[in-house]
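Next up, some structures in structure tokens.
Heads up, the next two complexes both have chain A, just with different partners, chain B and then chain C.
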Partner chain A sequence: MFELTLQALFSGLLAGGYYATVAVGLALVFGTMRVINLAHGELVLLAAYVAYAAETNYGVNPVMAIPVALVIVGSASAIVYALLSRIRQDREINSLILTFGLGIILTNAILSIWKADIHSTSDPWFQDSLVVADTLFAMNAEVASFVGGLVLMAGVWWWLNHSWQGRAVRALSSNRAAATLMGVNPRKIEILSFLIAALLATFAGFAIYTGKTVFPALGHVLTVKAFIITVLAGMGSIPGVLIGAVMIGVIESLTVTYLSASLQELAGMILFLVVLFVSPSGLFGGGRALAR
Partner chain B sequence: MSNPSMNRLLLIAVLAVAYVGVPLLFGGNAYVLGLIVAALTIAGVAVAWALLGNLGGMVSFGHAAFFGVGSYTSAVLAMKLGVPVFAAMLLGGVGAAVSSIAMLPALRLRGPYFALAILAYAHIFQILTTEMTPVTGGAGGLLSIPRFPKILGFDFGEKLGGYLIVLTVVVLAALAYDAIRRSTWGLALKAMHDTEVATRVVGVPSTHLKAAMLVLSAFITGVVGAFNAHFISFLDPDYAFSSGWTVLPIAAAIFGGYRTVWGPVVGALAIYLVDQLLFKPILPHGHQMILGVLLCAMILLSPGGLMPALRRRPVKEGRHAHA
Partner chain C sequence: MTRTLANLVTVSALALSAALGAGTAQAKDFLLGSELPLTGSLARVGQGMHEGISVAVEMANRNYAGRHSFKVQTIDDETSPAKGVAAVEKLAGDGVVAITGGYGSNIIGPASEAAQKAGLVYITSGGVSPELTQRGYPTFFRINNTDGYALAMIGMLQEMGAKKVSIVYLNKDATSSLAKQVNSALTAKGVTVGMHEFDGSTSDFKPLMNKVKLQDRPDVIAMVGYENDYVGILRAAKVLKPQVKAVVGVWSLATAQMAKEFPDLMETVYGTSMLPYPVEFTQPEAVEFAATYKKLFNKDPDYLGQFGYVQTRLLIDAVVRADEAGTLAKGGLPDELRKTDANTLIGRVTFDRNGDNLNFTHRMGQHQGGKVVLVWPKDAANGTMNFPAVPW
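Coming up: the complex of A and B.
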């Protein structure tokens, strides 16, 4: 019983690692543009399918396909930005509907190219099991993407805190007008936030493809999950997002272990609604700035 | 176009065509009638969505929840408790309205938070429906749901009967939308859309009004869902809560113009028929992609929808003629 719980906590922790990479991208874009990009999960999915195409069509190790995926997902993300920035009236409602529409386009493009089948990597190394501390099991891919995700997020965190551009992203998030007056070019910084989000999305896509399974409807699920995590974290700091992501991961894996796999999504959503109603600014305060 | 008596005449003419002309023309053609019924089903949800979006100022990505709850409520009432089908259909709406009460706390959330919270609700209702196997039949669904009965020798269970029922539901929904828009409620809601704080200060109970719009929108969607359940006589959770019940109505409402009363109806007819007749044969998998393209194009090029865009033109030409 104890070991089972420990294993569930461990698996949840690992899942939280890549959930966080999805969520940080969503939160970055929300910070600079005040827009929830409902196509964000589809960008993650796009990266996963690039990995799939590279592996099945060209026999390339998925990791080798990361540069190609970066270019593709980066361009897709830039297109989303270009279209979003054209919206003038009723920005809040219309940008939601626009990104919702873009998500539909991406999902269905993936569906018509790769069909509705469920895919995962065929490279056995990723799925080989790794034993941690004698009792805890994980796949190589899960551990690799957890560690990779942490490194990537630490990098983004450092960038937000210490580089000029990172600080500009935070400035834009906290006060757009003041940041613009201080010489920040909002368009440049917005594009940058979309590109960083694409980088994180690409990484998450590869993590899912190697460690889990992908199917066209997944994009939507990922967007909702990333949103839930950012709400838990109060759209706040990167460490906050990481904690929120691990919470969701742990709750899901406990639900799967002790209740039923079909209730997995329910658990996270109920937690989300409870937090939303009890403390709409999130568990970690109403912080808007991304790095803290 | 702003002449009210002209508008009323036009409306009466369209209704006459819908109630008399269409049955006379297509009464015997089950295929065409089936398509029109499906399009009107989308239209009903689109009107409900537009009512919430325009008057309540809230974008919902979760109308599939109301559609599903309405259809299951009605089907279960009719099958397990023997409630007459027409009564069950209205109770389906009530069921959806009750389920929307669970969402009322979400009303204090703004913009994206509300949109995503309602999306989460839709998932929750779908999972609950799948898990409540003894009542809902679980993932296997419900088969042979009672159809609409014969009344005075006219069989409402047939395609033509179904057409008349769904047409009436859609017309009543649109008239209710219109009536609210013209009422003081509508005025208060419009003011709220501009500045919520100022509206509250002068004593408008803005949260109550938004709540009323949410419940009404859910009720209409539930009735439409219930109609669909009895019309096709089959339900399963994936179908009843399908994202299609959210995507198509949004595309329809945006396409027709969700700030107008009849825009969503026109949009639904146009989009559904074009989708089924043109795009589905070309792209059997993923033909929703075209809906996405349409949605994005409308938001970028004419966010007010097609109806206002068409309406603007004659006015401009009139001005040119005078000048």
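Coming up: the complex of A and C.
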């Protein structure tokens, strides 16, 4: 029983790190623009497919494909921003419709180019097991993605708190009009946020390609999961995303271990509803939560 | 004399034109409908079946050349039951003679109900849930079923002499039915069975596999799900290394695609398979099917294409028979399909009054060195079982 619990907690922690990596880009964009980018999961998926194409066609290790994926996902993200910035009225609701549509276009583009087969890296190192104290088991890919994701999130958090652009992002998130009056260029900061989100999406895509399987319909699933975690965290809170994601990962993992794997999504949703019932603005919510 | 000759020419010309005219009147163009998941989570299997349907239509146009021609109108149901119903209604409105396709029992159920309401035959191989045929719809036909898959898996497990089996299964209609059927049969034979249900959203199977390893301690792990699930389960098993003798699954597992995409993960894993890989065909129809498939899609056929082909070929033959008997326009197609008794690429097919093919039995293949070798039953085997063996 003790071994089962330890493994459940360990698996839940790693799963939480993976969820957080996917969700943090969505939270960042929401924090700066008050826009829920419903194409975020598809951008993650695009990065995963670029890694797949690089590995299959050119024999490149998925790690080496990250810069190429970053350029492609960054360009796609810039296009999403360019289209979003043309919305003049009811930006919050219209942006939902626009990004949902862009997500469908991206999914179908991926389906047309790479077909519907499932894919994952063929590099055996990523699937090799890593055993801690003869009790905790994981794949190398999971641990590498967890550590990489933590480093990236810590970097984003540091950037938000200690760099001029980061402070500008927070200022824009806090009070757009006042930040503009203080000399912050909203367009530059918003596009910067989108590009940082693209970087996070690229890493998440790499993590999924090496540790899970990818297929065209996955993007929507990722977006929904990221959205739930973003709301649970408190819209726009970066540290909240990590804590919320780990909570979801652990509760799902414990549910699989002690109840049934078919109830894990339900358990995650119950946790989500309980948190919102107790704290309607999420774990680290409040109007403008970025970087808290 | 001249007049007689003129009359003869005139009569001959009239007779010839009548004969030609009659011939032209008999040749017909038939429009078939197809409702399939070409996008969404079942896109992979939907596209596989679509390829088989296309091969059947291509071959029918060749075999019935000069007599009849066939076209297929395909609508993507986007892996959504509601869109499956809308697709069937649209196809009915467009005047198709029957529908071939469908994947996923939860989509086929409402879609075939819409076909029943429209008076259209709906033939499929994409949903094995027993409830589909238990409805008793006269227009519903299916060439495979849970029983066929269950018999193959149970037969294989018995041959292995498994005493303890853990069944890890997806909580959908078809997968649950199959898992429960295998559980009942094995339990009745004195085998200890552990049942582990999971949701389609599960991507990390380590907690579940750890339960299997530490609590069940089985001889064999049996998986009932889809490609994604198999990869997740096998990866978790590879990390945790439970002490088992074999890993067995069902559909979408012992395939060329899985052998190519996940060679290390698949080695020694068993799954249902009608075909070995590389494909070996000997029957003339099978050889023609494989050649046509290769020509159209530039790859070897897989089981999805094979099933899609068989169901469509049987449908086309029944359409022609009903047309020739003059009953097609009078709703005679279901009766004509029920008269089917054909040896096909998946074995003998006949339909009972609920439209089920009770002859259906599957075979088991094992991944061996990048190939899929048929290992069960013995009379269909083209190699020997590598047992005990696991991919780690």
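Definition applied: the second predicted complex is superposed on the first by the 273 of 292 C-alpha atoms of A that agree within 3 Å, B and C clash if a C-alpha of one lies under 4 Å from a C-alpha of the other, contacts with A are read in each partner's own complex, and residues count from 1 in each chain.
We adopt the following convention: a contact is a pair of C-beta atoms (placed from the backbone, for glycine too) under 8 Å apart; a residue touches a chain by one contact, two chains touch by 3 or more.
Quick caveat: nothing in here was measured; it's all calculated off a predicted structure.
Visitor: Would you mind checking whether chain B and chain C clash or fit side by side on chain A after the superposition?
Guide: Chain B and chain C clash in the superposed model.
Visitor: Pick one for A:N108: touches chain B only (first), chain C only (second), both, or neither.
Guide: In the superposition, A:N108 contacts both chain B and chain C.
Visitor: Contact-wise, after the overlay, does A:A116 reach chain B, chain C, both or neither (first, second, both, neither)?
Guide: A:A116: touches chain B and chain C.
Visitor: Of the two partner chains, chain B (first) and chain C (second), which one does A:T213 touch, if any: first, second, both, or neither?
Guide: Second partner only, chain C.
Visitor: Once chain A of both complexes is superposed, is A:A8 in touch with chain B (first), chain C (second), both, or neither?
Guide: A:A8 sits against chain C, while chain B stays out of touch.
Visitor: Is A:S262 in contact with chain B, with chain C, with both, or with neither (first, second, both, neither)?
Guide: Touch partners of A:S262: chain B and chain C.
Visitor: One more residue to check, A:M139. First (chain B), second (chain C), both or neither?
Guide: The second partner, chain C, only.
Visitor: Could you tell me which of 3-11, 57-65, 93-101 or 183-191 in chain C overlaps chain B after superposing the two complexes on chain A?
Guide: It is 93-101.
Visitor: Based on the A-chain superposition described above, do chain B and chain C contact any of the same residues on chain A, and if so which?
Guide: Comparing the two interfaces on chain A, one with chain B and one with chain C, the shared residues are 107-108, 111, 115-116, 262-263, 265.
Visitor: Show me the residue ranges of chain B that touch chain A in the complex, using the header's touch definition.
Guide: Checking each residue of chain B against chain A gives 53, 57, 59, 61, 105-106, 108-109, 111-113, 115-117, 119-121, 123-124, 127-128, 130-131, 243, 247, 250-251, 254, 283, 285-289, 291-296, 299-300, 303.
Visitor: Along chain A, where are the residues that touch chain C in the complex?
Guide: 3-4, 7-8, 11-12, 14-15, 107-108, 111, 115-120, 122, 124, 127, 129, 137-139, 212-213, 215-217, 221, 253-254, 256-257, 260-265
Visitor: Looking at the complex, which residues from chain A come into contact with chain B?
Guide: Touching chain B from chain A are residues 30, 35-36, 38, 83, 86-87, 89-90, 92-94, 96-98, 100-105, 107-109, 111-112, 115-116, 220, 224, 227-228, 231, 262-263, 265-266, 269-270, 272-273, 276-277, 280.
Visitor: Inside the complex, what are the residues of chain C that reach chain A?
Guide: 39-41, 43-44, 46-47, 79, 171, 196-199, 201-208, 210-211, 214-215, 227-228, 231-232, 235, 238-241, 257, 261-265
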